[in-house]
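Each of the two complexes below includes chain A, the first together with chain B, the second together with chain C.
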Partner chain A sequence: MLSNIGISLVILVLVLSFSTIYAASLDLKISNRFISENIYKLSLFQTTFTILSFFTLIIGFINSDFSLINVYENSHTTKPFFYKIAGAWGNHEGSLLLWVNILVIFSYLFLVFNHTHNKQFRLYTLIVQNILILGFLFFLLLNSNPFNSIYPIPPEGMGLNPILQDPALAIHPPLLYVGFVGCSIYFSAAIGSLLSNYDGKLFARSIKTWVKISWCFQTLGIIVGSIWAYYELGWGGFWFWDPVENASLLPWFAITALMHSLIVLEKRNTLYSWVIVLCLLTFILSVTGTFLVRSGILNSVHTFASDPSRGIYILVFLSLMIFSALIIFFSKNHNENYNFNLKSREIFILTNNWFMAFFLLTVLIGMLYPIFLDVLTNKKISVGPPFFNIVIIPLVVPFMFLMAIGPKFGWIKSKNKIFYKSLLLSLGAVAINLFIFYFFGKYSFLSNLIFTAAIFLILYSFLDIIDSINKRTKFEFPRAISHLGFGMLVFFIGINHQFSTEEDFNLKIGEVKKTTNYEINFEKIEIKESKNYKSVTGIFKLINLKNSSIQNLNPEIRIYSSPETLTYEAAIKTKITSDLYLTMSNVSRSDFYNIKFQKKPFMIWIWISAFIISLGGFVQLTLKKNED
Partner chain B sequence: MKINISKIIIFSFVVFLLFIFWQGLKKNNSYDTKSLIGSRISNFQLNEINNNNQYISEEDLKKNKFTLINFFASWCAPCRVEHKYLLNLSSENNEIKIIGINFKDKKNNAINFLKELGNPYTFVGKDVKGKISISFGIYGIPESILVDSNLTVIKKVVGPIDQAQYNEILKLIQ
Partner chain C sequence: MLTKKVKNRILFLIFIFLLSVVTVFFIIKSLKNNILYFSSPTEIKKKEDIQFGKAMRVGGMVKKKSITINKKNIQFIVTDFENEILISYSGTVPNLFAEEKGVVAEGRLRDKNFFIADRILAKHDENYMPPEIKEIIEKNVK
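Here is the complex of A and B:
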């Protein structure tokens, strides 16, 4: 029943996409200023039916309607209500439907909200976006249909991987999708702009809100994914340079570069071609990432049961997309002359782009090189954190200095003022760094530089925030927040990296272990029977020897029955100044338990800093109306 | 002409990239457990975990009727789960020798690991950087490769060995 409803709705959306393309291309020939009412209606219907189809799937999950293969494979009647809903996008087919939803919704909103812009430009954008929608609809219907039915109807579903049942993970995909799929709209707009010979300045104005929205959501999505990895995977880290994490970073670098050069295009009406390239690149990288992850070429937690036919479809789609984008770009693009004043603000914004391009290339090479080598020479290698750390970290130092000073150029007349301010603040930063260095611990020369640069950026951005509040220069405010967040992020990652401690030892129940700062009492274990697993919980009491405060930590070993699997749940105590992290695993044939105890200073500040980065974007979105 | 050359370069780069992706799709199977079966493991040399001068190479494996090469690490939780099967295998069967390759681990942790759980291995090799393991086609641990005296792979287990895998190994070596 639901299967039929769902498939009919999807087919209806497909028909509406074709009609929209047809109606829009007819309307192109009519030379007036207004887009025909019918196109608005078509687009509105399309949006409604797409959303309905997604609700149909969600209803299937809520009611545990196992006549849908998708529900049967990814849900279970005993699953909590929240995770039943999240199950709808926690699998390949369902997430593809969410993907189509975002394409369609963005298409409609772009059409409606840009009514002051040129008709040709809007119609071309609509057509291109609908071609993208068609591509994904065909993929959905022919290869990955979430509404495929199964007969006879199984009495019970197979359940969702327990590791995916986590609040952070439930919201992680929708956030990332708004971020990544949202890029599609300015991919379409860029092609629309090329085809209609649209003015660069106006083009920048039409897409800037969309770029900011998708940037904010991408940033949030990446943070939430990282939080999930920390709390749920229990590896004790927050970033692993895993291929999937890398795949999500690539579009983020491109979009960050885009956000910055868009300012230049809007203010000075130059860099048009470059902005177009970045618009195209951001979405192409999003789809490439999807391809690499979904096809199973890269192995990771995100590789849903891999299926080569899926890979081939996305690859064909990707090739068509890249080639048509390139052909249109080369045939329609005009050469521009760039002449910038060397000390102008534009130069600094372009510097940001150079850094972003460098980071992007580094991550891209690190990610693709193993695939190249495997295909061409049959050798298997893995590129891990050392590569990324060595290549990226040293460049973060000048990058942060420029992030602090750059935005000031071109706005403030007196160059001397900037110079003295920078000198003073860099002295301050050096002093703070030396203070940390002498009183808390020694670290390498490079770390010294990183801390100094990060502190410099934090101080500078902080003063900028105060400045912009005093002088009521609102446009400075969000930028300063995001830059402050970035400085804090680097600073706290550095602190965390330098001052984390780890102890690894074996304990019996009732024993006590003393480390330099803590006394760890292994009081007892409790065995509990849950619905689908048995858990052994360790009751630990940690006494801080410095201030004799007491913490209780309860790590778990879970034994799932069918299939028999063990999972180790870390106990994490998050405090404002540090995280305590304890895992316990059983040692066969003995009464001992293996204990890993870590103290991670300022762990939560890494997330807070990252949130501050995206907060800047959200603030800018709300300010925008007052600004223009 | 200059622009045309840059266009050609960009186009050929894109074609190359997509070609690699396409080939990568086919390649994907090589990660599958089955495709390694039947192939022969080629020249390798493993240093002993305690003693750098002591090593094992393919010549030594040819002396065994069957060798199970097991990749493990002290930090790997599933390795603890499969360990009892390895112990059973080594104590109950003389036909098979088990070699452990310690993957990306600290020496002391690995030695403690074997002290706690028992040592089923006739030889423990070290692979601190993980490179040797990758040349065996390993992409995660625990993994195990069963080879005969010709060094032909007859079975590969990805993930921990469980009762079913254990029985299958017993059947293969009889």
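Here is the complex of A and C:
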């Protein structure tokens, strides 16, 4: 029943998509200023029906309607209500439907909110966006239909992987998807702008908001994923340079570069071609990331149920997308005059773009090299975190310095008035760094540079924030917040990396382990039954040897019944100054439990800093147009 | 003759080109130093020019009844059903680490029969097997 409703709704969306393209191409020939009412209606219907189809799937999950294969494979009657809903997008087919939803919703919103823009441009954008929608709809119907039915109806579902039954991971996909798929709209707009020879400045204005929205959501999505990895994977780290994480980082670099150069296009009406390239690149990288993850080509620590046939479809679709985009791009080549003064804001923004391109290239090479080597020589390799750290970290130093002073330069040409302030602040940064160095611990020369640069950026951005509040120059405010967040992020990651301690050992119940600062008492274990899992909780008492304060930590081993899986839940005590992190595992039912105990200073500040970065974006979205 | 503008542009392009060459060279060079080769126990046995200090990955199946645990570390034998290697590791193991399941260990070789792991990778999904291990097993078990 639900299966039929769902499929009919999806087909209806497909038909509406074709009609929109047809109606839009007819309307292109009519030379007036307004887009025909019918197109608005078609687009609105399309949005309504896609949302309805997604709700149909969610209802299937809530009612545990196992006549849908998708529900049968990914849900279970005993699963908590919240995860039943989250289950709708926690799998490949459901998430593809969410993907289509976002494509359609953005298509409609772009049409409605950009009513002041040129008609041709909007129509072309709508056509391109609908071609994308069609591509993904066909993929959904032919290869990954979430509404496929199963007969006879199984009495019970197979359940969702317990590791995914987590609040952070429940909201992670929707956030990331708004971020990734949101890029589609300016992919379409870029092609639309090329086809309609639209003015660069106006084009920049039309996509500005959309770029910011998707940037904010991408940033949030990445943070939430990283927080999840921190407490769920039990390694105590938050970023592993895992291929899946890298895949999410690639579009983020592109979009960050785009967000910056878009300002140049808007204010100075130059860099048009480069902005177009970035628009195309961002969405292409989003789809490529999805392709690599879903097809199983990337050998990742995370697993997605992978299926090569999906890969082939996405690959074909992706190549078509890239080739047609390139053909349009080169056939409509713009002649531009680049005339930049070295001491202008434009140059700094271009420098930012160079850094972003460099980071992007590094991550891309690190990610793809193993695949190429495997195909060419059949050698199995993986690229370890040291590669990314060695290549990226040294460059973060000049990057942060430029990031601090760049925004102080005016457009076109400016004078050296910021020299003394920069000198003063860099001296201050050096002093603070030396203070940390002497009083808290020694670290390498590179770390010294990183701390100094990070503190410099923090100080600079902080003064900028105060400045913008005093002078009521609101447009500087969000930028300064995000830059401050970035400085803090690097600073706290550095501190965390330098001063974290880790102890690995095995203990029997009742034993005590002494480390340099703590005495760890493994008192007992408690066995509990929960709704859909059994848990073994370790009761640990930690005595701080310095001030003899006592902490209780209770890591868990959970045994889920559907599907039968073991998970380890880390015990984390978060304080403003540090996290205590303890995981416990047990191998082949021996008396020994493996314990990993970590003390991670300022861990929570890493998340706070990352949230501040995205906060800047959200603040900017709330600013009114004329203040921007 | 080239005008000044064209000259500037050519210089700029050359500069960009050189910069990208240097960049790519730098990236590839650090890549070469930081790749982890994956080997099966058999490959380690056969290989003659092994660098013992270099980080690498070893994978295969955890041999039945081979896991021993003491206060400091866990030791277990990884087999590809032809050759075996002893792995020593301290720290928590991933939740899917178990006898007769696939495992990938990251660390350094002490000698040809002994490997010290810094990290144990096992996959989140019980039905999933790393492609490298699948290949080895398909080769050796027929």
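In this section, the second predicted complex is superposed on the first by the 593 of 628 C-alpha atoms of A that agree within 3 Å, B and C clash if a C-alpha of one lies under 4 Å from a C-alpha of the other, contacts with A are read in each partner's own complex, and residues count from 1 in each chain.
Note that a contact is a pair of C-beta atoms (placed from the backbone, for glycine too) under 8 Å apart; a residue touches a chain by one contact, two chains touch by 3 or more.
None of these values were measured; they are calculated from a predicted model.
*Asks:* Go through the superposed model and pick first if A:Leu425 touches only chain B, second if only chain C, both, or neither.
*Replies:* Once the two structures are laid over each other on A, A:Leu425 reaches no partner at all.
*Asks:* Have a look at where A:Phe372 lands relative to chain B and chain C in the superposition and call it first, second, both or neither.
*Replies:* first
*Asks:* Could you tell me if A:Lys380 is touching chain B, chain C, both of them or neither one (first, second, both, neither)?
*Replies:* Once the two structures are laid over each other on A, A:Lys380 reaches both partners.
*Asks:* Could you say whether A:Ile312 touches chain B, chain C, both of them, or neither, answering first, second, both or neither?
*Replies:* A:Ile312 contacts chain B only, not chain C.
*Asks:* Look at A:Leu326 in the shared chain and tell me whether it touches chain B only, chain C only, both, or neither; answer first, second, both or neither.
*Replies:* A:Leu326 contacts chain B only, not chain C.
*Asks:* Looking at A:Phe358 after the superposition, I want to know if it touches chain B, chain C, both of them or none. Which is it: first, second, both, neither?
*Replies:* In the superposition, A:Phe358 touches chain C alone.
*Asks:* Should A:Met584 be classified as contacting the first partner (chain B), the second (chain C), both, or neither?
*Replies:* In the superposition, A:Met584 contacts chain C only.
*Asks:* Scan A:Asp504 for contacts with chain B and chain C and give back first, second, both or neither.
*Replies:* In the superposition, A:Asp504 touches chain B and chain C alike.
*Asks:* Once the shared chain is lined up, is A:Phe291 touching chain B (first), chain C (second), both, or neither of them?
*Replies:* first
*Asks:* Under the contact definition given at the top, report the residues of chain A touching chain B in one complex and chain C in the other.
*Replies:* Of chain A, residues 296, 299, 380-382, 504, 506, 563-564, 566, 568, 585, 587-588, 590, 592, 594 contact chain B in one complex and chain C in the other.
*Asks:* Flag every residue of chain A that touches chain B in the complex, lowest number first.
*Replies:* It comes out as residues 291-292, 295-297, 299, 306, 308, 311-312, 315, 318-319, 322-323, 326, 330, 368, 371-372, 374-376, 380-382, 504, 506, 563-564, 566, 568, 585-590, 592, 594.
*Asks:* Can you check the complex and tell me which residues of chain C touch chain A?
*Replies:* 23-24, 26-28, 30-31, 33-38, 55, 57, 67, 69-74, 90-99, 106, 119, 121, 123-126, 128, 130-132
*Asks:* So in the complex, the part of chain A that touches chain C is made up of which residues?
*Replies:* 161, 163, 234-235, 296, 299, 301-303, 305, 358, 361-362, 365-366, 369-370, 379-384, 386-387, 390-391, 504-507, 563-568, 583-585, 587-588, 590, 592, 594-596
*Asks:* If you look only at chain B, which of its residues touch chain A in the complex?
*Replies:* Per the stated touch rule, the residues are 7, 10-11, 14, 17-18, 20-28, 30-31, 77-78, 80-81, 83-84, 109, 112, 116-118, 130-131, 134-135, 137, 139-140, 162.
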